[in-house]
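Before anything else, here is the set of structures, which you'll find just below.
Two complexes come next, and they have one chain in common, chain A, joined by chain B in the first and chain C in the second.
On to the complex of A and B.
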C-alpha cells in the first residue's frame, strides 16, 4: 500500500507541474520578437498602420500583458483553449482535426518499430557475430543514419513516381468520395510510406537497444543457473532473458511516447500529412500565440499523463520502489 | 540589349504560348469541351483564412477568385473587361465612374446581386478592412445607387489606377446581407465564403484540402465546365513535383515546384508549362539600403553596390533562367502601359567593377589592411531558400569591391520587425509585387510619406527625394496616359541615380499543368481568376 501512497504523491505533484508549464509557456512565447499582427500584415503586402493596429485590437494584443495572462489562465483552467485569429477558428477545433491523423501515424510507426525492433534485436543477439547479426547491425545503422526527409522523398520517387503503386501524399483521396471499408483501405494506402519513413528510424533505435540489452543478460547469474539446470537455450531466452531484456526498451518507449502527440514535422511536410507537428510549426512561424499555447498545453498534459502511467507500471512491476 | 533588338511584349507572349504549350494545345479549340470532372490544383502554402476582403496574402486568391467575383476583369493588354459590371462610363474629369451591373446574378446563398452589394463591398468592407483599400480607394468618397443595377463612384480626384484594380483578387464583391450588422473582421464567412462566382465553397479540411463545388445557378450560361475544384496543400516542394508527375494534381501556379525541377517536368510528356498568367504581378527582387547608416547615406557607396552585382549571374544560377535583370524601380511588365523605361543609369556596363571601386575610393572608404573597406549586414529574406543562395552570391560580389558582407537569417516575424519597425539593418533583401499599377505597389517603397515605422514593406530606407515625391504624386492623378508615362520615366531616372536600393531581377513565375487540363490560363490574372472555362479531357 505504501507504494500506492507514493503514486498518490506523484499524482498530486503533477498538478503544480502542469500549472508551472502553463505559466512558463505564456511568458517564454512572448520572448520571440514580432507579433501575429505584423506577420499577417506582412503577408498582405504593405498594410497601413491603421490596418496593423486594427489587427492588434482584434487579436487582443493591445491589452496589458498581465491582463492577457489572467485571461489565458482563467480560460485554460476551464479547458477553453481560445481562438486562433490567424485561422479564424477555435484552437480546440484546429487541434482536434489534426489529432486523429497524428495519432494514427505515430501509433502505427511506433508500435511497428517496437515490435519489429524487439524481434530483430533478439535475432541479432542470439546469433552474435554471425552473418545474420552483421546484416541486421549494418541495416539498422543505415536506417538510423539516413535523414528521414531523404528517405521519404526516395520512397515517393520509387513507389509513387516510378512504380505508381502508392499515392505520393495526403491523408486520403478526396475526389473519389470513398466511404466505410473503401475509405479505410484508401487511408491505409496513404499511410504506408509515412509510417515506413518514420518507423524505420525508431525501428533501428529499438533493435540496437534490444540487442545490447540481450547481450548484457547473457552473462547474468540467473542465465548460468538456468543453463546448469539443463534448460534448453530456447526456453532460457524466451522464458527468462526476454522479459528482463525488454525493460530498457519499455523505458525508452515510455519516454518517447511523449512525442506521439507532437507529431513529426519532417514526415508531415514531406508527405503532406495533416499532423500537429506542422500545425505547431506554422503557428510558431506566424506567432499565432493562442494556437501555439493550446498545442503546448495539450502536449504537456499528455506527457505528464504518460509519465504517470509509466510510473504506475514500474511500481506494479518493481516492488522495490516506494516512498 | 537595345530597344530595336527586343521583340514586343505581345510578340513574346504569343511565342511563349506556342513554345511552351506545343501542338497538342494549339489544336485544343477544335475539340469540344467536356463537362464534368474534378480538377486538383496545388496551392502553396495553405491559406490561413479565406477572408480575401481583409487579408491580401498571395495564397488566398487562387481559392477565393473561384468564389468571389470583381466588378471587372482584364484582357492581355490589362484593359478592363466586363465581369459583374457589364459596362461603364468615366466622366470627362475622371471623377465619376458609372457602372451598369449584370442582371440575374445571385449569391451562393440565393440573395440577388444589386448595386447595394457593390456599395457595401467598397465603402464598408474594402475601404475599412482591406489592407490595400487606403491606397486603391483613397479618392473614393461615396458610391451612389440610383437603381439596383447602377453604381456611381464619386472620386475626390481622378484615380487612373482604380480601373486596373477592380478584379476579384483586389476587391471582391461580397453579399451585404451576410455582413450587415456584424464586425467585418469577425464574420463567419471568413472561412465559409459566399460570393457570386462559378464555384461554391464546399468544405475545408485543414492541413489537407479545400473543396469547391460547381455553382449550378452561375450567371454565365453553360459555365462552369468542371464539377469540382480541389485545392490541395502539400508543404514539401519535391512532393508537389511528384504529385504533378503522377497525375494526382493537375495544376500548380506561382512556381510551386523547385526551379531546378522545372526543366525535368518540362520534359515530361504528360505535363505542360506556361509563363503566362502573371501579367499583373510584376515581381521584382530588390535590395533596400538603410540610409540612416552613415556609410549607406553616401550615394557613391550605394551606386558602387549596384555596380558590383552581376544580375545576369543571379538569373542564370539562382533563378535557373526564370527571370531577367531589372533596370530600375519599375518592372518591364509596365512596358504595356508605357510607364517603363530603361533609359536610366545602367549598372550592367563592362567596366562596372572599376567604376564601383573608384566610387568607393571617392566616397572616402579606402581598402584597409586585408582589402576590406567596410563591413555590412545583409538581412536574408525568410520566404524560401533561394534568398539565402542569392545572399551567398551577394557576399562574393560585394567582396570584390571591398565590402565584407555578413549574412543574417531570422524567421519571418523577427526579420520583419528588424527591418520595418526597429530599422536595425544595413541591407535588406525583400521581394515585391508591383500589382497592376505602380500606385498600388511601387510608390509606397519610395515616397517620403510612406516612411512609417511598424508598417511592413513600405519605405524603410529613409529615402526622401522631393522630386520623386512630386512626380509620383502627379502620376497618381494624371489621367492622360502619355503624360503619366513621362512622369514615371523621369521618376525612374532620378531613383536609379539616387539608388536608395538595388533592383536585381524580374522573377518569372512558371505554371505547371497536366495536359489533360484545357483552357486554364486565358487571362493575365492566371491563377488569380476563375477556372470557369477550364475543362478536363477524359
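On to the complex of A and C.
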C-alpha cells in the first residue's frame, strides 16, 4: 500500500497546478489592453453597459487588485467561470456540453497511437538496422514534421473530395436519423480522419520512444538470465521486456497530454468536430477572452487529471515505485 | 566542438537536412527578385492550377502561391529562429539560476518550470497572441513563453552535474566570482547541449507558428505558410494546390531542421545519444 501513498503525494502536488492556472489567468486578464470588465465581456463594445457593470461588481473591479484576485479565485473554485455574452450561456455550461466529443476524439487518438506506436517500436527494435527498421524510422521522421492541420486537410482532399469514402466534417449525420448501432457506425465514420490526423504525430513519437526503450532493455541482466534459462525469444520479448520497455512510453504519454489538447483544437477546427477545440476557435474569432480563459482552465485541469491517471497506471505496472 | 563538427559531417541525413535548409534560406533571399510583385499582389486569374506561368498555381484571389511560399519561408524562419533564441535565453537564465543557487530558489524555479510544462502550451500561446493582438512580435513572445521549460531543465541539470566537478571547485576555491564561474566555466561547458536542443526548438517553434497562423493568429499583413493554408482552405474542394504546397514547405523545413538537430545531438552530445 506504500505505493498508493506515493499516488496520494502526487494528488497533493496536482492542486498547486490548478491554483497556478487560476493565477496565470488572472494575470492574463490584467495583461490585456483596456478595462478588465470589457475584456471579460468579450468583443469590445458588443456587451451591454448593464452587463459590463454587473461584471465590474462581480469581480470587484473597482476594488484593490489583491481583493480582485481572491474574488476571481473564489468564483472559479465555485466553478463559476463567468458568462459568455456572445453565446448567451454560462462558460462552464458551454464547455461541459462540448467536453464529450473532445474526450472521445482524444481518447481514440491517444489509445491508437500508444497501441500502434508500441507495436511499431517493437517491430523496429527487433529488426534493428534492417530495411523494416529503416522504413519505420523514415516514416516516423516524416510524421514528426507534418503539421496536424495540414495533414487533416490533405486527408479531406484524398478521402472525401477525390474518393468520397468519408464525410468531411461534423460529428454525425443528424439528417439521417440513425439510431443505436447505426448511429455508432456513423460517428465512427466521422471520426476516422480526425483521429488519424491527431494521432499520427503521437504514433511517431511513441514508436521512437518504444524502439529506443526496447533496445535499452536488450542488454539487461534479466534478459540474459531469461535466455540462459532457455526461454524462447518470443517469450522473453512479450513476457519480460515489453512491460519494462513500455514504462517510458507511458511517461511520455503523460508529458504529452497538454500537447494533445492543443492538437485537438486545431484538428477540431479543420473537421468541424463539435468539441472544446471548435468552441475555442469560435471564441477566438469573436475575441471572447473570458470563454478562452475558461477553456484554458478546464483543459489544464484535464491535463492534470490525465497525468494522475498515467501516474496510477505507472504505479500499477511498476512495483519498484514507492513513496 | 571541432571533433563534433567532423562527426556531424559524416552523418548523411543531417547533411541532407542542412542542404534543404540552405535552399530555403536562399529562397527567402531571392524572393524579392523572383517575385518582385510580392505575395499579396493579384497577378493572374483566380484558382489557376499549377502551370508554366504559375508553377504552384494561384489562390482564390489570383495571388501566386509560389510567391507566398517564398515569402512565407522568411516569416517562418524569422519567427522560428527568434522564438527559439528567446526560449534558449529565458530557459538558460531560469535553469542557470536554479542550478547555480540551488536550495529554495531551485525548488521554486523548478516547480514553475514543471507547471509550464504541464499546462497546454498551444492554448496558452493562443491566449497570449489574442491578448497582445496578432503581430510578428506577439507571436514570437507567445512561442517563447511556452518553449523555454525544456531548456531550463537541461541547463539546470548540466549546472548541477558540473557543480561538483573538480575544476569548478578549484576555480571557486581560487576565489573566482559567481559571474566568472557561470560565464567562463559553467555555461561554455553546456553550450553544446544547448545548441543541439535549441536547434530542435526551431522546428517546434515553426510548427507552433504555422498552427497559430492557421487559426488566424498570425500577423495579417505578413505572408506566412499558415496564413496561406487557412486562406486556401475555403477553396479546398476546387483547388488542392493552394493548401498543399505551403504544407509541403512546412514539412520539408521542419523535417530538415529535425535532421540537423538530431545530427548535432549525436555529434555534440555523445553521452545523450539515442540508439
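Note that in this section the second predicted complex is superposed on the first by the 233 of 323 C-alpha atoms of A that agree within 3 Å, B and C clash if a C-alpha of one lies under 4 Å from a C-alpha of the other, contacts with A are read in each partner's own complex, and residues count from 1 in each chain.
In the analysis below, contacts are C-beta pairs under 8 Å (C-beta built on N, C-alpha and C of every residue); 3 or more make two chains touch, one makes a residue touch a chain.
It should be emphasised that the depicted structure is a prediction, and the values quoted were computed from it without experimental measurement.
Legend: residue contacts after superposition of the two complexes on their common chain; A:50 is shown touching chain B, with no touch to chain C.
With both structures placed on the common chain, the touch criterion links A:66 to neither chain B nor chain C. In the superposition on chain A, contact is made by A:275 with chain B only, not with chain C. Applying the stated contact rule after C-alpha superposition, one finds that A:145 touches chain C and leaves chain B untouched.
In the superposition on chain A, A:163 contacts neither chain B nor chain C.
When both complexes are overlaid on chain A, the residue A:255 reaches chain C alone and has no touch with chain B. Shared-chain residue A:171: touches chain B; no touch with chain C. Using the contact criterion defined above for the overlaid structures, shared-chain residue A:31 touches chain C, although it does not reach chain B. Of the two partner chains, both chain B and chain C are touched by A:153. Overlap of the chain B and chain C contact sets on chain A: residues 32-33, 149, 153, 156-157, 161, 269-270, 285, 287. Contact residues on chain B toward chain A in their complex (touch as defined above): 38, 40, 45, 48-49, 51, 55-58, 129, 131-132, 134-135, 185-186, 190-191, 205-209, 211, 228, 230, 232-236, 238-239, 242-243, 245-246, 248, 411-414, 416-418, 420-421, 433, 441, 444, 450, 452, 454-458. Interface of chain A with chain C (complex): residues 16-17, 20-21, 24, 28, 31-33, 141-142, 144-150, 153-154, 156-157, 161, 212, 215-216, 255, 258-259, 261-263, 265-266, 269-270, 280-281, 284-285, 287, 289, 292-293, 295-296, 299-300, 303-304, 307.
Those residues of chain A that touch chain B in the complex are listed here as 32-35, 38-52, 54-55, 58, 86-89, 94, 97-98, 101, 149, 153, 156-157, 160-161, 164, 167-172, 174-175, 268-275, 278-279, 282, 285-287.
Contact residues on chain C toward chain A in their complex (touch as defined above): 111, 115, 117-124, 126-128, 130-133, 203, 207, 210-211, 214-217, 229, 233, 236-237, 240, 243-244, 246-247, 250-252, 254-255, 258-259, 274-275.
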